[in-house]
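In the two complexes below, chain A is the common chain; its partner is chain B in one and chain C in the other.
So, the complex of A and B:
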């Protein structure tokens, strides 16, 4: 073999006793791993093309297949691991920038897993959500600083526009183009049924989905794809994307191969042309400039839509958030460094940004210290994996969470992390019609509704255990959290005590 | 109907403009931002100086400014027309996706960044004077025309780094462009009669607005800049 050879990462194990040569695996694999050998009447595999998406495994009627990690190993050591060495080979072979998908896979600390939640014992008894009402509704938007009354003593209730959510979770931005029509439809329909919002991402809004507008956040990013008056008016809120947790500081390129048909029309760029989102908004170089974009959007929508500004969690996030809170934005969305992506340079994804837990805690504290916390709501994302992550985020100071990877998993994603190829066998991160139709929006939206309904129950149970019956009473309630195995600096930033204290 | 903008806040001014039935004039404008943002149904004639983001997300309305305008004219404009009888500031026509902007004088930095086009929607910016640096950066579609009329400085028709990252659309510069450095991914040629035919209509409109001689403009040498590739970043990556 040549110097360019890299041993395949996975092995396809086919149980010959079980295989009935029905060729389902061959038809299901867009990567063309499986092939029928007519002469011998058996299926053979080219594991070098396998991405371990588990499609063939899941659909094999006789359970004859499994994919395992290859044990063919390089002589690795703690410094030069298999992946590190292979990345060098790939770059020496191609001269290219390494491109990966989904969130940061490295073993950096997941603070959610080092934070524990309180429960009531003896005094302040727990509440049983099965027999007592629990409030999981939240309202996102700028709140008035104080209660005011008119001359008759009646409350003045004029609030800036608010978003009502049935639970403190939304589906975060994934563009039409990076994911499929059926994936968008599943998200839109599930959000509508659940009384939450989904987010168009920066690829515009397909005309078929305008009917879900009340449950849609429309995004405006540096490429301004698909942004026009009707689009802005269609959504419940407008989000300005300044950054993304998976790739802070850089823009995005949706390759021309994905700019086909309706994607091209929705983005308003010709078929086959790359969709390039520049790293900066070229008209934003300061908080004042951001304020200008915020208010141009408010003017265009006649002050009826809350404006969200989404940024990646980076080193000076507290100061940045303080600026955004003064820019006229109604909501700040912060995306942590484990957030997913359809494609990002590996080095950026794995090395840039900070954990969302620390970012959230420092932003919430900073805004409180400056007396501007009520100017904005805080939404956090960047790997919220479960109801307990949501509860911890709320207790650290978030108003709501963004989830995307978990939503994709519900749709069938098996986290093979090769979205960038456009050959998603589960019909999610692809524009190939034969693959897209594998994701049935009826099934997809149902699965999302089930997932979120389950989370809602869990949120209620966790809240009830703490003796709290409303999300409002949990928000920023850091006394409900304790750290384990964290040093004093980490505890100080998180604003929590160590377990046992 | 006339709206006097003196001492009127931009929010109130826009509300007044929005509520006017039919066409209107806005006089004594002094820096009010976001004027006519997203509007679709009227002709607005402005005296004085409108503020930043004039005609942002414009959706079919016509705005004529009798003097200068500031930054971000026609930001993300979708349809309609903006006519400026003076100079404009930076970032005009950012991410414009339809409609036309005519400027009699000069444009600042970063005009026409990330302009788009799709089928019948083809935005166009015509700059009568000169343009600043970064003209048409990331241009993805549409037409940018710079005429370099009324030149009394002898400077180049466009500043540094025009058409960086350009991957669609066309740029016409009425100059031989011999001193201008273009990036590698665009092709720079002398415009043929056929090329000029494509912009004739826009030049005629420009001349109608600002009373110039069509033939004099069209009979001069133009340089046309087009992208070599629709996928300028394709080769940069390797799957990991």
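So, the complex of A and C:
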């Protein structure tokens, strides 16, 4: 082999005693790993093409397949790890920027796992959510600072526009283009059934999905793809995307090969042209500029829809959030560094941004200190993996959470992290019609509904354990949290005590 | 009557229905033992051309031409379902000729076989529907008699 050779990352292990040569693996692999050898009547594999998406493993009717990590190894070196060396080889071969997908996989601290939740014992009773009412409903939007009355003494009930959610979770932005039509339909239908919202991402809204508008957040990003008056009016809220957790500080690039048919029409750009979202919004270079866009959008939607400003969690996020809270935005969405993406430069994804837990705690504290917390609701995302992550986020000060990776997992994603190739075998991150049809929205939306229903039950159980019967009473209630294995600086930023204190 | 309906829109052409059918009708409790190194003879067949795929099995017609054509009385209609009594079948294969869906086939021993909705084997419900990974096969009542 030549100097360019890199040994395949995975091995396809086929149990010949079990394989019945049904060829489902061959038919289901868009990477063309499996091939039927007619002469010998057996299946053979080219593991160099395998991305470990587990499609063949999942569909093999006799469990004859497994994918394992190759143990072909370079000499161990704590500094020059195998992956690091292989990346050097790849770049020496290609001369290009390394691309990756989904969230940062590196072993950086996950603060959720170092935070523990309280429960009631003896002096304050826990609540059984199966016997007593539990409120998980939340309202997002600007809240009045205090109760006011008119000259007759009647309460002034007029609130700025609010979003009502049946539980404090929404599906975060994934554009039509980066994910398939069927993935979007699954999210839209599930959100509608659940009484929550999903987010169009920056690729516009397919005309078929306008009927789910009441449960849709329409996004306006730097590329302004698919943005027009009907689009803005179709949604329940409008989101300005300033940044994304997986790739703070850079824009987006959907290759022309994915701009086909309806994607092109929905994005309002010619077929085959690359969809490039600039890194900045070219009309926003200050909070004042942001305010102009916020109010342009409010004007366009007659002040009926809350405006969300989404930013990536970066170093001075508290100051940025303070600015946004003063810009007229109703909701701030913060995306942590573990957030997913359909494609991002590996170096950016793995090295830029900060953990959402720290960003959330510092933003909530800053807005409280400045007396402007009620100006905005806070939504956080960037790897919310479970109901306990949601509960911890709420207790740290969030009003609701954005989930996307978990939703994709429910749709079949196996986190192989090769979305950028456009050959998603699960029909999610692809526009190839034969692959897109593998995701039946009847199945997909059901699975999303079931996942969120399960989370809702768990959220209620956790709340009940703490003796709290309304999620609103948990928001910012950091006394319900304790840290383990965190240093004093981390505890101070999170605003929580150490376990045992 | 409940029937198996194919939805071309969601058929991914994996052909698993054929293997699940062959297994369900094998009388064997192990798929490997039932199907390994054997030519399978499923009662459902995936039509596969020009990227369009869908599975075809017996429609259990209201006015079944196969039953009319059967000279030995092996093919019968019971409660809407068309059944085959292989002991009675003389292997004239007229039913295969007349079935407009190609849903009747020869079973390798000279007599014919066809989908009996897995009600006559140990599966109890159509194995093709149960094993379809994308719900492209549906077993339901659609108001047809």
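As a convention for this text, the second predicted complex is superposed on the first by the 500 of 501 C-alpha atoms of A that agree within 3 Å, B and C clash if a C-alpha of one lies under 4 Å from a C-alpha of the other, contacts with A are read in each partner's own complex, and residues count from 1 in each chain.
Criterion: contacts are C-beta pairs under 8 Å (C-beta built on N, C-alpha and C of every residue); 3 or more make two chains touch, one makes a residue touch a chain.
The structure presented is a predicted model; accordingly, all values stated were derived computationally and were not measured.
Room for both chain B and chain C is found when the two structures are superposed via chain A, with no clash between them. In the superposition on chain A, A:98 contacts chain B only, with no contact to chain C.
Applying the stated contact rule after C-alpha superposition, one finds that A:300 touches chain B and leaves chain C untouched. In the superposed model, the vertex angle chain B-chain A-chain C (Cα centres) comes to 110 degrees (nearest 10).
Touched residues of chain A, counted separately for chain B and chain C, are more numerous for B. After overlaying the two complexes on the shared chain, residue contacts for A:260 are found with neither chain B nor chain C.
By the touch criterion defined above, A:87 reaches chain B but does not reach chain C. When the two complexes are overlaid on their common chain A, residue A:287 makes contact with neither chain B nor chain C.
When the two structures are aligned on their common chain, the gap between the nearest CA atoms of chain B and chain C comes to 27 Å. Chain A has no residue lying at the interface with chain B in one structure and with chain C in the other.
The touching residues of chain B, when paired with chain A in their complex, are 10-11, 14, 18, 33-34, 37-38, 40, 52-53, 56-57, 59, 71-72, 75-76, 78, 90-91, 94-95, 97, 110, 113-114, 116-118, 121, 134, 137-138, 140-141, 165, 167-168, 230-240. By the touch rule above, chain A contacts chain B in their complex via residues 87, 90-91, 93-100, 220, 222-225, 227-230, 232, 253, 255-256, 264-265, 267-270, 272-276, 278, 282-283, 292, 295-296, 299-303, 345-346, 418, 420-421. Every residue of chain A that touches chain C in the complex is listed here, in rising order: 17-24, 27-28, 41, 58-59, 61-62, 433-434, 437-440, 442-443. Within the complex formed with chain A, the residues of chain C that make contact are 9-16, 19-20, 23, 31-32, 35-37, 51, 131, 133-136.
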